[in-house]
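All chains are identified by letter, namely A, B, C and D, in their written order; residue positions are counted from 1 within each chain.
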Amino acid sequence: MEDSQIYQTKRITIPEAEKILGQKFKCLDDGFVYLVDYMGGDQSIVQAARVSYGTGTKKIQEDEGLIRYLMRHRHTTPLEMVELKFHIRTPMDCWRQWIRHRTANVNEYSTRYSVAIDSAQKTPEDEWRMQSTINKQGSSGFLEESKGKELSKKEEELHKLSRNLYEERLANGIAREQARKDLPLSTYTEAYWKIDLHNLFHFLGLRMEPHAQKEIREYATIIGEDIVSKVAPIAYRAFKEYGLNSTRLSELDILGLKRYIKGEDPQKLAEEIFNNKRERDEFLIKLTKFKD
Amino acid sequence: MEDSQIYQTKRITIPEAEKILGQKFKCLDDGFVYLVDYMGGDQSIVQAARVSYGTGTKKIQEDEGLIRYLMRHRHTTPLEMVELKFHIRTPMDCWRQWIRHRTANVNEYSTRYSVAIDSAQKTPEDEWRMQSTINKQGSSGFLEESKGKELSKKEEELHKLSRNLYEERLANGIAREQARKDLPLSTYTEAYWKIDLHNLFHFLGLRMEPHAQKEIREYATIIGEDIVSKVAPIAYRAFKEYGLNSTRLSELDILGLKRYIKGEDPQKLAEEIFNNKRERDEFLIKLTKFKD
Amino acid sequence: MEDSQIYQTKRITIPEAEKILGQKFKCLDDGFVYLVDYMGGDQSIVQAARVSYGTGTKKIQEDEGLIRYLMRHRHTTPLEMVELKFHIRTPMDCWRQWIRHRTANVNEYSTRYSVAIDSAQKTPEDEWRMQSTINKQGSSGFLEESKGKELSKKEEELHKLSRNLYEERLANGIAREQARKDLPLSTYTEAYWKIDLHNLFHFLGLRMEPHAQKEIREYATIIGEDIVSKVAPIAYRAFKEYGLNSTRLSELDILGLKRYIKGEDPQKLAEEIFNNKRERDEFLIKLTKFKD
Amino acid sequence: MEDSQIYQTKRITIPEAEKILGQKFKCLDDGFVYLVDYMGGDQSIVQAARVSYGTGTKKIQEDEGLIRYLMRHRHTTPLEMVELKFHIRTPMDCWRQWIRHRTANVNEYSTRYSVAIDSAQKTPEDEWRMQSTINKQGSSGFLEESKGKELSKKEEELHKLSRNLYEERLANGIAREQARKDLPLSTYTEAYWKIDLHNLFHFLGLRMEPHAQKEIREYATIIGEDIVSKVAPIAYRAFKEYGLNSTRLSELDILGLKRYIKGEDPQKLAEEIFNNKRERDEFLIKLTKFKD
């Protein structure tokens, strides 16, 4: 490698990313996402990938093609060369899901050191979601507004009561670490969250998809559509095409699709191939993607 | 390596550990810790360490000496060869701290799939802790019982109210993922938690020490004293001597202690060495460990 | 959760796995893989998954269906509850690829402490592989044996010479840590390697597939087919169907396949959809999976 | 938190770090280290730490005191908010140790894709190190030059021979992935290596210390002294005082030192306290730090 040709003496700067530094992206009723800092972009992915190729192949591939190739073939280590740092404000309930992604660096607001943020996520009267009957962990449709109004009112009362009790404890001199114990999960917290692009795509792949809970999906969508799309636009587009909007076909799915293409009846072939009802149904749903 | 000598054809079994499998260790008012499974013990640490030495040194070191040597010199990779799996029940507030340890495997009870556990941690009237005045994140002493009684009563009311509202939401058909949003942080959750011994010692080192919050300290102490002490007794003892109960002396601490040993006045030498008041005070506190 | 129902007071034992503990699986000319220890199996995956469901759903799902469901929907955390420990002997060149998987615990034979293992991987005269012309990082076909004989002879001489020089250095009293510096990459090393099932499947997914280098593919295949298939047979089968032998279709692939099903000419539609020649070619290759 | 006060709309720029971007730091005979990119510095540590404190405490602590406090009390998460990216060239033998640090992002030069770098680390005739007699994994002193001359000559011949054989294989059309198998471990490789400051300090703590092998110690020292000292000077100084140059005293060490301070005879008290000869000797060596 002729390293003299490779080395910039400046950090990679992404003009589109610079524009959104310090810009507040609002989320839910009182949450937000900031891009606080970033390291690298599409260019850093290419730079790192090319360390593998040495001088010889340097000119052959062009950037977009290379990034798409990496995404397609799961050569994900060059994506780890881009890093993003966010400041977020989100309800603790949402944060409980967020923090499960272990490959990030985290600094959370401490309610041992400081008084808890005086804000809890409120549910508008027309946004109470009904339990899904087909998806045990999902929701579907909304409660009628007249009933929702009642629930929202009671929610507000509970928030007020919980906060008052919290403050009464503090006024009694109770330690913050203990006084906080009955705050509702809807209480907002804040955190710095720093992650590399590969792991961020993993997060977005799970949290932008329709099965993710609505609240975290809103955050993930902002992070993807409004921020990552600026920091690494080529990689982000490739992530959507090859990741988020792609479909995985299992061995049996491939067999099923093959027989469907030959003209067999989908219902009948599915029954022959899939013993398990749930797998069969999922295959038939998948199949609709290939029809009009 | 003469591998024929190394290989057992059975898993390493620790009789003391077998006895506590499936045994419930109670914690707080309604929490618990179970040892669900384990892989290896002191013997596995030795086995792994010896892969480094080859045949030649196999007989020279005896097990305890070797394990203590590894702990003393931060050769921690052999400790990673032991794995423990727990089932715990803990308040969500405590879990929020627990989950910050990223190097474990976790399966938590899902309140999207299932109705939330109907139990929240209650504070007895004589266990309301006062805010520490010297440690911004700690507590010190207790609230007088007459006042504590009042707080405990209000706590109970809040728990009842929160739960009722949660169940009212469910009765209205609201999705579990949303209905849960205002549960108090004191609500119990459960999880499988699996971790290797090296990372477990890191956890215990931070969570058994006096500055850790009382609630998580109780869990950590049970895990250490009642469970790890059975699975890997030699390593656990070494962890306490070289880790938990050890003291780190900084460059300036070493200098200060040296001058103290020569007979200088501690207050005066501390003022000369440490510009920062807080560092100076911490040095003087450390010094008391070396006096009677 | 009625925990009394869940808890075994013994570790989960897999009879098929017990049979292969301490059994040597040979690999390459002088390498091996041992299963040294394991924690859990299919049953542990189910056990952990059910902590999510609580009592209510405990009887509804049967084990195989549940495991397959988890694999299909990337609910991978229960897979992390199974742990396997191996002892392997592999050439350093192969180990260089192996160690790139960062989510494992590792104890490698130390050539600072001990004299390097006196064995280097030899290439039989009919196994010199030719550079692939279509895959820059692959091989394809073999060198004719007469030439291979020559190369194998020279290889043997180089191994002998390198070893002699290594031993000459040691005889001169040179430190092992320095004497080793010119050992060939083909020199065998040994290691304990411990990993959870989720991360092991990730490893196998990358290393059992045809593009992986032949040497590591041999190890991965033994680990998968001879060992994991015994420890967690249901999960392993699901991994093959949903992971290893599955196909991912990108947004554009789905579009292309849809048009193909409608009867459009594959070559023509591919040209319309894919700007990039490489992507187009890969689509056309993928398409052959759905024809006879 | 009044976020409007916190947010810069520009990335944190460290003038001293900017100066060394793209500057080559030579190491060994043909290796190097470049700082390719960085994210944040001392200021980012403070920024992240303060998310814990909220508005109230913002003005009380000054930066240096806060960073030193964090280092002293193992509050290491704010250190993870700084990220550094290096391009290094190092012998594969050294890289084998380097890569054991799992918490970094890595892109290594691929000898499957490209012809191996034509350079191997050479040992000058006066730098052949003798095996340490007290430290089984270390070296101590040098071989006399007349003998060293002979070893260096043979080393050069071996390098030449190995390279010739490698190129002969390539000339025969052998796949690069196989042709490389007998390259000496001294062959140079290159990599991008990206890591956060907390994990970098862990690396430096192990690799800058006297027991680390000389080769990797040279790299670590350059990274610490020439690069990290520029990117985060306050944190680096604190790392040296509280980490690298600190001493850990075990429970028994503390007891021993206490008795020594009271005037007891070191040899005698050590014999009473430490059963294990090795521990005793290490205590006595430690004691010399507190004498002149």
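Just so we're on the same page, contacts are C-beta pairs under 8 Å (C-beta built on N, C-alpha and C of every residue); 3 or more make two chains touch, one makes a residue touch a chain.
No experiment lies behind these values; they were computed from the predicted model shown.
Colleague: Expressed in steps between touching chains, what is the minimal separation of subunit A and subunit C?
Modeller: Graph distance in the chain contact network comes out at 1.
Colleague: Give the label of the chain whose average Cα location is farthest from that of subunit C.
Modeller: Taking each chain's C-alpha mean as its centre, the farthest from subunit C is B.
Colleague: Rounded to the nearest whole Å, what is the centre-to-centre distance of subunit C and subunit D, using the mean of the C-alpha atoms as each centre?
Modeller: 30
Colleague: Indicate the whole-number Å distance between the mean C-alpha point of subunit B and the mean C-alpha point of subunit C.
Modeller: 34
Colleague: Can you list the subunit A residues in contact with two or more other chains?
Modeller: 57, 106, 110, 113, 136
Colleague: Using the touch definition from the top, list the residues of subunit B that touch subunit D in their complex.
Modeller: 57, 65, 68-69, 72, 74, 136, 206, 240-242, 245-254, 257-258, 260-261, 276, 278-279, 282, 289-292
Colleague: Touching residues of subunit D toward subunit C in the complex: what are they?
Modeller: 91-93, 96, 99-100, 102-103, 106, 110, 112-113, 120-121, 123, 128-132, 136-140, 143, 147, 151, 154-155, 158-159, 161-162, 165, 168-170, 172-178, 180-186, 213
Colleague: Spell out the residues on subunit A that touch subunit D in their complex, using ranges where they run on.
Modeller: Listed in rising order, the residues of subunit A that touch subunit D are 1, 3, 6-12, 18, 21-24, 32, 34, 36-40, 44, 47-49, 51-54, 56-57, 77-78, 80-81, 83, 85, 87, 105-110, 113-115, 117, 190-192, 194, 196.
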